[in-house]
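Both complexes below contain subunit A, partnered by subunit B and then by subunit C.
Let's look at the complex of A and B:
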């Protein structure tokens, strides 16, 4: 069996699409008809078969194309992957976690064999078969963080824990919603969240930090976050704002369904065993409006959420310019009937 | 979200007498597999089934983090304590099936340090056993100063000296050897981090001198699990669960709450991690705060208590549990 990996692009001609099965497994982030921040954290445990939670590290039909896109971003801007000197051990922790989870979830695509420190890693979709010494960076073509995250979907923030805070001291960030690892590197939890509106006043970050610093080994947690992106572009970084920022002015009533994408981040939080750090994978899922509205419940609910979103949040998420066009388009798919509770399609 | 950590089913694989006071216990997984990797300074909470009573005591892992075939802990016998160490010494034998928590690290190395300066007193040596093994494996720069009562009670002093030679200095109370702390703290290279684990008096002394000599607080790390102290029995009303419970002389408030079937979250059970922090709804009496989590102001306010180590004396106490 195995996954059929799509050939597609996240730039230029934007051929990215979701198959019908992938539309149904999309992690729709709204469990009710309105949205406000909450500390919506829950245990990261395995979910239903056929959902993005079937495995704790999800690999899907976009894997190969996403890894090709990441390689292109890195070729232009190597600073998207950084690791401060004290984070090498955490990098090995992350390599172990991702190899173990991918091999466990997708044995037809990935195989990990361990003989003491001598490890062999086979990644069939990308044609990789490497043998290396765990803990010895000279036996890999890149540092441990870059090596394994060139082979894993999603961004990865690797946080050092000290002085009762978390510090963004390493990571791989190429599929981000308008933030920059190069800017945030070395910052603590409050510093890198400083631009977020409303949440500070609600004390959300103080509580979230308390929770995160107590994440335990073997007990990962997760939350969903969301925004919207025009065109299925993975790399919406501040560094490349000149490439994607102007896209927001191109939305018209005729092209909403094709251009406007809901962008959902499945964020999970894991304690790293050797370094006592935390890794924070941020996995990005994109779905265009034409695909999303094939599920009538999602169409009705998204209309109500976007229509009623507080102005500050709409600004922060960058929706202001095209929100009226989007709401008008979605309103035609909302007959006002109630939506069932929960995230899933009917 | 969680009550403590994930549990591990283990079997006692060996029990070794180290000296007159200290015994070492080895645990392996019952299914024969590897135990979870841990980092130097981590502890596990050991569940002790003693008749009707369950004790949950934290102990530092002292083996090398590079070897996860077994976990080892060392337990110092405390003849006047609440009985956990006596249970371990008197009743735990090889082959006994026990349950321990996943490792939790509240005394982590700061891996930015150019040098790790470690100060141990007595049984406070155990987390340094794992940390030195971890650092030695990575070529890390460390120096360990270890104070013990006598040479024969210098738990693992011989092992450490053999492994690390001049990087380990020993001080024996009976020979009146003392750490020249001010000189030691004044002669460290920039980028040194200081770690201290031992009796409360030693921790306070080292922290005070380090502060006086200008060490930035974020470079001074200490681990002090307060063991819950026995005390007068008292009654408590748990408002949320609608129960009234009695805390026995040898029981902690947290243990009494758990015995009533209410499970507050916990990690360290030693007044350090903050997980079991509980709001006080009303009280008529005085608190005996023994934790290192709440601020002095919070202690005075009478509105919060850490039930793992703190007690109450008085007429009535109502908690939000």
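Let's look at the complex of A and C:
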């Protein structure tokens, strides 16, 4: 019973792999053979058994290794986890949410027991057994955001809602697709999305904000986003861009299958009960091309999506340098036959 | 101003007299002209309740023009860093109804706004007018160092030495534009360095 956690790395020797079961459950983000921005938000409800939606906060075989990678990032750069002073209550809201969800979905790995404000949290995969007073930061080894997000896969943005806008006022961001919490903290929804091309003109952010500010407690929502990453590197931060950027120049026809990864973000949006804030977990899933193309439908579809992607989007996602090599490699796996509707493999 | 801009990039207006008893002006160099231009549109006695803090810069111009406005207080400062303690004290002790006017370079406006935000003043309530140099204050996203008075694109980080693309993405909290390594993927690519923010 329970998950067998892999021993693997997301840096240096890059031993990260997906098991065959995890390839099948990968959240492939394209429901048709082309891609353009849309407000693709839907209710975050439990999905089929064996999918990444089986639990609303997903824990998978990469959990322990991801938490070890996060600890390394934080040791090098503590600015990846920040919280403006008015966000402490929202931090406790988040701690409660993640403890409840992980204990609910994975009772063999996590246990939460509550006696009034006296809480006991057992995290078996990481060997943690802590008793603390809910709401009293002095009883935890870190602030509530840092404490619980050192034990939860994915990045977390905690948004304050005021003046009809959402403000990025706290977060834990170590597995990001090239944006900086340290730079964007304190910005409103439109400001932190400012560098995204095309979507502002399409009114995407106005509609998305309207949706998000109306999220109700107990009714979370979700969307998928995607990009590509060379090597299974979680920390593709702008802070370290000068260190991982050269990877993009290393793609050759021979190593595409091993080096190029589709990176999918399962973003969910939750109203926090005490602070009325919103937490926005950004859960990152990686899959290398060799693994992805074991599902022929995905291989055909990804070829068509990447081939036809508008230049501006390809640039924004950082694909420009290796896109021709990738498209050529994928084209050999696309016989031109139709793909079935929907995300899943055939 | 760049023809195409992004939402996080600050937009500056034209100073206009606001209702209120206390008016605090902060300006550097040509920012003084924004104040004197506004004075022509201000009601009689407006500057009786005004304090002007001015950083003349190396050329030392415009002090006389500001004196002629007869503000309640005119303070001349040699640099932004030197006026910071005074500004913090003024804002900490300010009452409701203090109006803030910022004029001059983006660096001055941004840094003054940063201090005012920390004092709890909403940025939309501040009057701003950009005058003079387009030079940018830039934070290197890699080493976090701030480089002042950036006029070129790309620009070299004065702390870590990386060659940085100066983005339009701007943080009010840091009072800085973001600089990101322009040749991270291949350090041998050296794009031409142009005078972009004179």
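The rule we apply is simple: the second predicted complex is superposed on the first by the 346 of 346 C-alpha atoms of A that agree within 3 Å, B and C clash if a C-alpha of one lies under 4 Å from a C-alpha of the other, contacts with A are read in each partner's own complex, and residues count from 1 in each chain.
The working rule: contacts are C-beta pairs under 8 Å (C-beta built on N, C-alpha and C of every residue); 3 or more make two chains touch, one makes a residue touch a chain.
Quantities reported herein were computed from a predicted structural model and do not represent experimental measurements.
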Touched partner set for A:185, first subunit B, second subunit C, both or neither: second
Touching partner for A:284 - first (subunit B), second (subunit C), both, neither: neither
First (subunit B), second (subunit C), both or neither touched by A:86: first
Touched partner set for A:145, first subunit B, second subunit C, both or neither: neither
Subunit C residues within the subunit A interface of the complex: 6-9, 139, 141-142, 144, 162, 167-169, 171-174, 178, 180-181, 184-187
Complex interface listing, subunit A residues touching subunit C: 79, 180, 182-187, 190-195, 200, 238-242, 245-246, 248-249, 321
Of all residues in subunit A, those that touch subunit B in their complex: 41-43, 85-87, 89, 160-163, 210-211, 214, 216-219, 221, 273-276
Touching residues on subunit B, where the partner in the complex is subunit A: 1-2, 5-6, 36-39, 41-42, 65, 102-105, 108-112, 134, 138, 218, 267, 273-275
